[in-house]
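The data blocks that follow each hold one structure.
Look for chain A in each of the two complexes below; its partner is chain B in the first and chain C in the second.
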Partner chain A sequence: MAAPTVDAPKGAKLNLYGGWKAAWPFLLPSFIGFLIFFFIPTMRGIYLSFTDWNLLANRGEWVGGANYERLVDDPLFWNAVRVTAWYVFLNILSQTAFAILIAVAMDRLTKSSVIRSIIMLPYLIPNVVVALIFVWLLNSNLGIIADLFSVFGIDSNYFAGPRAVIPTIAGINTWRHMGYTALLIFAGLQTIPKSLYEAGALDGASEWQMMKRITIPLLRPVLALVLVITMIGSFQVFDTVQVATGGFGGRPGGPGDASRVIYVYIYELAFVRNEAGRSSAIAVVLLLTLMVITFFQLKLLRANESDLA
Partner chain B sequence: MSSALEGMAGGATTSIKARMGRGTAWLFLALLIVVTIFPFYWTLRTGLVSNASLFEGNQGKGVVERILPDEPSTVNFRRVLNRATEAEILEATGRANSASFDYLTALKNSVIIASVIAVGQTTFSALAAYAFSRLRFAGRDKIFFLYLTGMMIPPIFVLIPNLLLILGDFWFFDINGHTWLDWIPGYDSDSRTFLLGTLAGVIAPFLLMTPFSVFFLRQFFLGINRSLEEAALIDGASHFRIFRSVILPIARPQMITLGILTYITAWNEFLWPLVVTQQDKAKQPLTVALGVFTTQQPGTQPDWSGLMSGTLLAALPVIIIFMIFGKRLVDSIQFSGIK
Partner chain C sequence: MMKNWRSLLALLLAFGLVAAACGSDAPAETSSDASSDAAADDEAMEDDEAMEDDSSDEAMEDDEAMEDDEAMEDDEPAGDAVLIDYWLWDGNQQPFYEQCAADFTQANPGIEVAVSQFGWGDYWDGLTAAFATRTAPDVFTDHLARYPEFVESGVLIPLNSFVEADGVDTGQYFPGLAELWTSPDGERFGLPKDWDTIAVVINDDMKAAAGDPDVSALTWNPQDGGTFGEVVQAMTVDANGVRGNEEGFDASTMGDEGAVYGFGLEGNFGAFGQTTFSAFAASNGWTAVDGVWADEANYDDPALAETIQWFADWIEAGFITPLADVQELGGTTMFQTGRAAMQTNGSWMISTLSGDGTEVPVSYAPTPIGPSGNRASMFNGLADSITASAEDPEAAWEWVKYMASPECQEVVGGGAVVFPAIPSATAIAQEAHAANGVDVSAFTTHVDDGTTFLFPITDSASAIEALVGPAMESILRGDAKAADVLPGIAEQVNAELAN
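Then we have the complex of A and B:
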């Protein structure tokens, strides 16, 4: 495109928009960072997935598609897929449901920035810290939450068991993220004209009807964004699992294989079993999955169209 | 208090049903705040009491006695900070020298890592954002799109390749079987550790940019009125001059917000620093030190009061930042989440 020019005082043509001559010093640092730590590693990650890379020796031979072929018959890989899918499902369901409730309640009741700040706080706390706090709260002998649940007849060992570990981790991460997600939705709610609700109330619509007919449809672009962010984040759960199941004599991903999510399996293959090639192949599968899911979610939810327009 | 619905609910037409609805909603919010705050309080309470008191349990105590700490003392926090006497340690843990992680070293590492990343990333991303928002050059939008695709790469995807870089394995510079490190006089390239186990290694991948930071600042720069800088350009000012004296003063609040967000993200980072500093305790940031320390705790009767003191202290800097800048961060969501 031709750069617009303006007549400079002395009659010379002055280029206001610089061109490459002006742009390159601004771009150089970030471009180096992008090239070295994003672009080249991405290419290399794909390359590594076709090798039998050994991290200790830092060497590997080209093995073609062998790593991918092995995935098909790898029960631990399919276990990781199942566990991750179960986690993603639970986490998205609880996090989105709570976030919508919180956002709608705040929208109706208060714009207090103190309340908004408080509900955002957990999101800023390190995952490692959150995991440790909840391991303590849920401790089967001394934990206060386990204590509370025992009142309702739930065995205090329940949370550490193989059936409960994924729902528990989903619960912990819901606690950490729901406030932040609620604030995203809250920001979206501010864009819905209040007059629509007034009209709805005059026509005798119930709260539930207004939620279904006004709030949700008009919130669709924001909800689409939130779902994409939550889903991409949920697929990448690692810190909480690693710390909550790996501490105190436990093994990360335990008990048994019950919480070995895809991230933990990728990490374990590379750094515990020294099979970086297979590890990279799973990372490639994860990347492709995330790309496909994001693409279809944005399509299905028609993220960039609002019914308000 | 401005919405029309509240006006209706609070006015003469208030129905019992509407009032009950609002009551329930307030109750829900109150419960939410309790659920949000309580875990922090309980961590503090645990840190303030002795392990013996924890193991005694709460049998036969009233609700208030259960919630308030029993004989509170700061000894656990002093233990974490290496400020407790041997007699106190023996009394608190029943062991002469309780294994503890070196909080102050880890704190120092975390502060260095987060500060350098926050300042570097914000500065260099701002430069890039200026180019993408205020300048025109061939391929600009293509390069920006390429940056954006970087947001979709899961961090674990580039974990091993980045680790190889930190180990000095820039294979694209290898010539005739020699790595580039061989050309540095006096460097023992066989040891192959380069930046492994150093703070520089933890910092490097995040120092120059993240796609999010560039995106965040570009969004803001696009909204700044052009007339000021056009006048300056016609007067012969350079683009660096305009960046410094026109854009930066206007964008200062947003840059500070991004800096804080980047600081917190770097502070909370676990996987990458774990991989880089796993073998080197002296270089571990708080998250890694705490995570590694936890794996060394016994499965039965761990030192809960010491551990919770350390856990709370590891979150304390973030909580302080939150208390100072909380409102600013909340407001930024309005801006970054919804364009």
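Then we have the complex of A and C:
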């Protein structure tokens, strides 16, 4: 938009007004969606977190901060925080590493859109289906992947092993998401001028040096976005845990408390234990945590600046 | 680099194709698997999951087909007839309740009943959602582990005035069943429909191979396992073919092909262990709670710790199925596929375990006599409750009354699926089982001898489950000793109950 000049205030005002007039009809549909599906439920969730809401009876009384006070002493909540943090760490690490690898490989080796589509394939399968399939594939008695691994001396109970369950779920979600993440990073790679690599090659830089000195620094804004998206996604892991750790004779969040991530605990409190108030309090804490993490991530990674300028 | 890249791609492609191929089958699979994700949500009563998990696919399909027909016919009741929405979870019983509904409409032309069946897990999640969205059924099959929480939420109608007005005799049921559905204030929230007990299920082929021991009056104690323990050891076979009571038995081979555990856990222990530890702990003198709607539980009782530790020690020794395998495969599946020679299970499973679909010849033995000098079995019963949102409570009551009457219960008894709450109808069920060549006296003997104990009814069942369940798992995995863990858990449970 042209900067309004001081001697034409009337025109500038008109221009601004006209812009909004045109924008509103386009914004309205998504604004209504945002209002109905995000804003109002979030406000209601925050309200519920200050009540002892009973989902069955659909009523509750104001209890102030009691739900939050209870969280502080709730060992299951802190366990959920620990388990989720461990999952997020493993998942982000492996997913980002694999995604960068795939994206760089795609960028340097092929321009085929068929291969790009194939890499996306796992992402197109619904989470619940992925979980159900891996329950079979990784069953230590029946599963073919479990059999394959045991040939190499890796024996585990996967979903039924207290120490194995979170790495297993992190691995599955890495497999499902890395193609999608790789495509995002790939798009970022496309913005890096090829001349830089040519210059690097002329100077005799190795692949690894070019990766470290050219690719990663110039990819930073995209990586920041990818990290924020995957981080938020990882904190919200739910369906894989809910479906896969139930297995055939276990229960979601099991074995024991080993995979009861925050979202599973939220679900359990609201829909199994009928304590929607406490459940909402945890959801609010999670919301605030994610907002803070996202803020710092964007700040620290200077996501709004590019070194290409 | 190039080569790695290609093999990585090949691997990805292979995974993708496998997943996509399996994906197309998934919808057919989910009807039986749907229970597994949701079933386990219901921590309170995972013991009953098997009921749903094991109902054959064939039966389920029939049920679904039936349900569709039903829905088509019944969604638009003729004229000004009242339509009652009725929910149940056991697909095996659905045909018999359909029959009851048809008979009922014949006798009460103004009232029609639409019967809907959902798997155990979906049932309770669906019910919670239905209450929250005010679309709950008028009448539904209720469970002892659940109803106190419903009562507290005020979503059920007390039946006292109906019972008095119509003069229904609550003494017509097996003793104790009607009282289970009465709150401390004396309000009644259900009329009994059936009951169940626990027995030892035995693979007859494996028993014969172990020298056909007499299992009619086994004893058990938490020190050496008693004569029950001797049978468990005798029926355990390691991968080299050596029995658990023989020289050279190698517990480290139990995970290998061909090994048979003498005893199999039916599932997760949970807090109440209906089909797992409860019969043993109770025969050792343990009671979960002191009376109905109690404010205190007894998870710090050494009698419980001894019992759970016995299971953990015998899992360690290779005689009982490890928990991880049970969670991966399901306890009843392990029994039915010959990985375990015995298990404890509930009477509602008789038609599945002894039915046409099974390849394992099965007989039933009473649970062992414990240190208390008696055998023991949890005595659980279901009832039908009316929701506060019922459109026509009078009509809903007529249907509940009919289901709790001899007319309907004798129809259900004839199905040989469950034992109805009325003795004459249970007699019919026993005859139906006998006609199928199944001896069910191991289940009924508890009622005849008075060796039952009641299902622990508390208004915090799901909270207790969330506390005790994981602790039980850590003990059975050998990560902790029962005597160290349970007292601390007991404190938390009692704090929850006092809340």
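Following the convention adopted for this analysis, the second predicted complex is superposed on the first by the 271 of 309 C-alpha atoms of A that agree within 3 Å, B and C clash if a C-alpha of one lies under 4 Å from a C-alpha of the other, contacts with A are read in each partner's own complex, and residues count from 1 in each chain.
The rule we apply is simple: a residue touches a chain if its C-beta (ideal position, glycine included) is under 8 Å from a C-beta of that chain, and two chains touch if they have at least 3 such contacts.
What you are looking at is a predicted structure, and each value in this text was computed from that prediction instead of being measured.
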Q: Using the touch definition from the top, say if A:Tyr180 reaches chain B (first), chain C (second), both or neither.
A: first
(Q) After the superposition on A, what does A:Ala105 contact: first (chain B), second (chain C), both or neither? (A) both
**Q.** Contacts of A:Asn58 with chain B and chain C, given as first, second, both or neither
**A.** both
Q. If you count the residues of chain A that each partner touches, which comes out higher, chain B or chain C?
A. B
Q: Classify the contacts of A:Val292 with the two partner chains as first (chain B alone), second (chain C alone), both, or neither.
A: neither
Q: Look at A:Ile119 in the shared chain and tell me whether it touches chain B only, chain C only, both, or neither; answer first, second, both or neither.
A: both
Q) Who does A:Val272 touch here: chain B (first), chain C (second), both, or neither? A) second
Q: Classify the contacts of A:Gly250 with the two partner chains as first (chain B alone), second (chain C alone), both, or neither.
A: both
(Q) So in the superposed three-chain picture, is A:Ser280 touching just chain B, just chain C, both, or none of them (first/second/both/neither)? (A) first
Q: Check the residue A:Gln236 against both partner chains and state whether it touches chain B (first), chain C (second), both, or neither.
A: first
(Q) Based on the A-chain superposition described above, do chain B and chain C contact any of the same residues on chain A, and if so which? (A) 55, 58, 102, 105, 109, 115, 118-119, 121-122, 125, 128-129, 132-133, 136, 139, 142, 175, 179, 207, 242-243, 246-250, 267, 271
Q.
Per the contact definition, I'd like the list of chain A residues that touch chain B in the complex.
A. 1, 3, 6, 8-9, 14, 16-20, 22-23, 25-27, 29-34, 36-42, 44-45, 48, 53, 55, 58, 101-102, 105-110, 113, 115-122, 124-129, 132-134, 136-137, 139, 142, 144, 147, 175, 179-180, 183-184, 187-188, 190-191, 194-195, 197-198, 201, 207, 222, 225, 232, 235-236, 238-239, 242-243, 246-250, 263, 266-267, 270-271, 276, 279-280, 283-284, 286-287, 290-291, 294
Q.
Show me the residue ranges of chain B that touch chain A in the complex, using the header's touch definition.
A. 3-6, 8, 21-22, 25-26, 28-29, 32-33, 35-37, 39-40, 42-43, 46, 54-55, 57-58, 124-125, 127-128, 130-131, 134-138, 140, 143, 146-147, 150, 152-165, 167, 169, 171-172, 192, 204-209, 211, 214, 230, 233-234, 239-240, 243, 264, 267-268, 270-271, 275, 286-287, 290-291, 294-295, 297-299, 302, 304, 307-308, 311, 314-315, 318-319, 321-322, 326-327, 329-331, 333-334, 337-338
Q: Could you pull out which chain C residues touch chain A in their complex?
A: 1-2, 5, 8-9, 12-13, 15-16, 18-20, 22-23, 26, 29-30, 33, 36-44, 46, 53, 124-125, 128-129, 131-132, 134, 149-150, 153-155, 267-268, 323-331, 333, 462-463, 466, 469-470, 473-474, 477, 479
**Q.** Of all residues in chain A, those that touch chain C in their complex
**A.** 54-58, 76, 102, 105, 109, 115, 118-119, 121-122, 125, 128-130, 132-133, 135-136, 139-142, 157, 159-162, 175, 179, 207, 242-243, 245-252, 254-257, 267-268, 271-274
